[in-house]
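What follows is a set of structures to go through.
Across the two complexes that follow, chain A remains constant while its partner is chain B and subsequently chain C.
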Partner chain A sequence: MDKKTVTTISYLSRLKIDPEKEEKITNDLENIIKFVDQLNDAETSDIEPLTNPLEKTAKTRTDQVTAKNLKKELLEIGPSSNEDYFLVPRVVE
Partner chain B sequence: MTVKYKTIKEIKKMISQKEISHKEIIQDVYKLVKENSNLNAFISLNEEKSLKKAENFDNNPSDCSLAGIPIAQKDLFCTKGLRTTCGSKILDNFIPPYTATVIENLENAGCISIGKTNMDEFAMGSSNETSHFGNVHNPWGDNLVPGGSSGGSASAIAAGIVPAASGTDTGGSIRQPASLCGITGIKPTYGRVSRWGMIAFASSLDQAGPMARTAEDCALLLNEMCSHDIKDTTSLDNEIPNFEDNLNNSLKGKKIGVVKDLDLSSLDKDVIEVYENSLKEFVSMGAELVDVSLPNLALSVPTYYVVAPAECSSNLSRFDGVKFGRRSKNPKSLEELYVQTRSEGFGDEVKRRILIGSYVLSAGYYDAYYKKAQQVRRLIKQDFDEAFLSVNVIMTPTTRGPAFDIGSKGSDPIQMYLEDLFTISANLAGLPAMSLPNGNIDNKPIGLQIIGNFLDESSILNFGHMYQTKTNWHMFSPEGVIQ
Partner chain C sequence: MIWETVIGLEIHAQLSTKSKLFSGGSTKFGAESNTHVDLVDMGLPGVLPVANKEAFYKAIKFGLATGAQINQISSFDRKNYFYPDLPKGYQITQMTKPIVEKGSIKVSTENGEKIINITRAHLEEDAGKSIHDLFEGETGVDLNRAGTPLLEIVSEPEISTAKEAVAYFKAIRQLVTFLDICDGNMAQGSMRCDVNVSIKKIDDKELGTRAELKNINSFKFIEKAINFEIERQIAVIESGESVVQETRLYDSDKNETRSMRSKEEANDYRYFPCPDLLPVVISDKELNEIKDNLPELPEEKQNRYISEIGLESSEAKIISSSKAMADMFEEASKKTDDAKMIAKWLVGDISALLNKENIEIDESKLSPENFGKLIKRISDNTISGKIAKSVLEEVWENGNDVDEIIKAKGLIQIQDESLLEQIAIQVLDSNPDQVAAYRSGKDKLLGFFVGQVMKETQGKANPKSVNVILKKILS
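Presenting the complex of A and B:
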């Protein structure tokens, strides 16, 4: 875990690391990765990954509209919106 | 007449014998909330609506199973019209337009949601020190943590403010604070309780459950919390038993798995003594102890700290300042809006876990970490499957010790992660597990963990209730034994 890796994963995470916290975060991440490296002790060559304890595929249901139209309520709780859309800084010039 | 330290069962009796009105109960609860404001257990209160609902019950008596029972809801469940923060600055202004299924179930059964409890930010923490709204204090000592992440819920019950609270448990977040605050709490089988309206942390591990003073009260709450919900694709449609039915079953001949691979050497001898005394109590009731092997148990914490951050980094990508919650001021571009909002809105522990998640899911490391952890997760589940062929339940201490001082774990995150050493494996395997008080060390409570087989909450409730008929650890409060 070096500075370059931390820069890459913070970009992927859309997080900005305060310069004064950078060293501590790099060390913490390094220690956590070292800690989880214990997993290499387990022999797993023929083991299927377990994604979810239920191991069921998602159930299907009849394609019926059951949800209420909450457009107005949802737009109202947005940080910035007009009557139809959430507003963000201009993306296309 | 007060409801302080009363159980649900006792409050139901007080109501039916007309010793107290519904309105008086709720007024008393808010008095207790105010008297205990130093605990910082609540983020938001719901006083006006709660009093109105209570008055309605006084005017129109209800035969709902939990009519008028005051309950505190963890601030991770969406509640329509009532602020829901998840302990985070990024949601400090979020008022959901809908209510979580599990909260709706409890309210339909008559529960009165009196407020939202403080918690570790996005349920990431084991001491309630990561909340944007400040530390929660444990009523058992001024400077003690209540555990986490459901620390506000546990603290409010331990102080006798409410008889019940909701919690969520991703790696121990119901059971660990239950142990540290001297109360009873259950994480049900994964899929028993709908996750719809629960703010997601790690979707394959998260499960809501009840916290209360007794196993019997947990059974009453669980009866109402469980449901099949088509809005949650992982919600189970298996039959839901009446969890009160088997509470008083005899334990004679029942088998308790004792994990022989469990390394207790790092624990204080007092903790081991409390644990062993509980096992003896069960033997005196006719249960048998059977050695079981869970050889991969030691790998559960490292497995969790790959799987949970991976799922968290994905789930928390929705907090971007566009559609709800806090947005940073004056961003110059959409990219800056995302980055500034998230960097200002999340605390250090949440950021750390998102970063770990992004790392273990990134192209070069996916197989080495994420896939590997999922393979070890299967080994851990297989160990439990094998063990439950020969036992009814498995018992361990819930925590490595009683409540610790605020700030005492220092700044090393791994020391905090190891707090959940005994609880995490049940989440990885999807199994139900309970913590209940089984002793006091230096006047601080500690808990016993009872893990059950898949969908077998009834057995752990049976063991828990029978234990509480023979012992009085659940009757201890910070002010002494409850009379």
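Presenting the complex of A and C:
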């Protein structure tokens, strides 16, 4: 885990890191990874990868529309909106 | 240098479920903005997604129809990226265990039939819609589409030309519409595709670096975008540079592709299993039920039309080419005993009208009931085939009822033999020279007399009866 990786991850996750704390965070992350890395010592070649720790399968829905029109309420909880849309700073491709 | 093109397609087909993949929000197209948004689609804290079983069933239909492996246990993963129309900050998709793997489809190309293999088809949710051009300095977000189920169909890189890519897309579209799992409406974005294009020297074993062309939604643009991209890549390589792996946007106005989004450098989706969703299991019983109820596919229809109804193979092919056409044929045939005549009209006059307006038959004003009625009125001698053409034209314009048109315009065929006789005598009397010529052996003139009678009756006589009557008088 180097500083460059930390910068990339912080950009990807849109989490701002205080430059003063960069070194500490890098070290902390490094330690976390070392800790988790112990798992690599376990012999897993005969074991199917697990997608979920619960030994259960999903409950599913039937195909029915149950949602109400909550347009007004939902737009209100957005940080910025007008009567029809959520508004965000202009995104140009 | 001879270059070989290698193309792979990722087709997104919107599954025609009523509700979304993980919520009870409606998927109906064209609703007022942000009215079909459930709390799950919003990604609000504390909500949990629950998978819509119907989306699985539809995906399985596709798998069965392409001879694919159906994974009865499939799971969901998160694909992480930030974009305002993706409220959760990740898309739920099937990365590691897709519902469908390893299928194939037969495609008709210029060089005959070709089998294109399908790597996988997996379920995923669609994003919302960003509106860039409506507000000064801001982007509007409509989340109606967020969470709509998509089937992403990924082909092997086995397509060699732009035309072949279009043929493959058409074959997939035909299949999903016949299976009734997607409406195939490209204008509404129900089917879109990303195209991976690369070129390599003809002897090279390794594939070249590919560019991905995003979100193309018409057959014409697929072909143009690929052809532009092939030329571009050849020019890049021949000038000594190398192709960069990137996403490119096709601009249909300028007919060019150009590099897209600066975020490409950080294109790391960090897939991981979605902790909110358990694996979904499809039982043998469910699978068998879907198998037993799989609708008739184009090729089967075509064969049945030939062997059971007795259509010409060319007719059967045209009629089974689209779901809308096949539906029209089968529905209209129920209204009359003469399916062959229905086919003749569909392939003839009606196809001509469709081509002229460049529309599909379900976009026209002709209903199967009305069409069946029109053919019935020909076979029960109410109107002649010629009059039927003019009735069809009017139906095509305004969709009015066939019987109403016939009644209102007084088009009913003249059944009264004595009236026809009267008209025939009139015609013969006013053409004495031709009558004399006919009697001296010019048999062909009979056609002229028939034509004159038809003209006098404004097409309302039955040409066969006129023929008989004229012969009787002239003999």
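Keep this in mind: the second predicted complex is superposed on the first by the 82 of 93 C-alpha atoms of A that agree within 3 Å, B and C clash if a C-alpha of one lies under 4 Å from a C-alpha of the other, contacts with A are read in each partner's own complex, and residues count from 1 in each chain.
We take it that a residue touches a chain if its C-beta (ideal position, glycine included) is under 8 Å from a C-beta of that chain, and two chains touch if they have at least 3 such contacts.
Because the structure is a prediction, the values reported are computed rather than measured.
In the superposed model, A:D28 lies in contact with chain B only, and not with chain C. Applying the stated contact rule after C-alpha superposition, one finds that A:L12 touches each of chain B and chain C.
By the document's definition of touching, of the two partners only chain B reaches A:A42; chain C does not.
By the touch criterion defined above, A:V88 lies against chain B and chain C together after alignment on the C-alpha atoms of chain A. Of the two partner chains placed around the shared chain by superposition, chain C is the only one that A:N69 touches, whereas chain B remains out of contact.
By the document's definition of touching, both partners, chain B and chain C, reach A:A58. Annotation: chain A residues 8, 12, 14, 49, 51-52, 54, 56, 58-59, 61, 70, 74, 80, 86, 88-89, 91 touch chain B in one complex and chain C in the other. Interface residues of chain A facing chain B in the complex, by the touch rule stated above, are 1, 5-6, 8-10, 12-17, 21, 24-25, 28-29, 31-33, 35-42, 44, 47-54, 56, 58-59, 61, 70, 73-74, 77-80, 86, 88-89, 91. Touching chain A in their complex are the following residues of chain C: 17-19, 23-26, 32-39, 41-42, 50-56, 73, 75, 80, 82-84, 96-97, 130-132, 134-135, 137-143, 249, 260-261, 266, 268, 270, 273, 275, 277-281. Against chain C, in their complex, chain A makes its touches with residues 8, 11-12, 14, 49, 51-52, 54, 56-67, 69-71, 74-75, 80, 82, 84-93.
Residues 94-98, 190-191, 204, 230, 233-234, 236, 296, 298-299, 301-303, 305-306, 313, 317, 320-327, 331-340, 342-343, 346, 348, 351-352, 354-360, 362, 369, 371-379, 381, 411-414, 417, 428-431 of chain B are the ones touching chain A in the complex.
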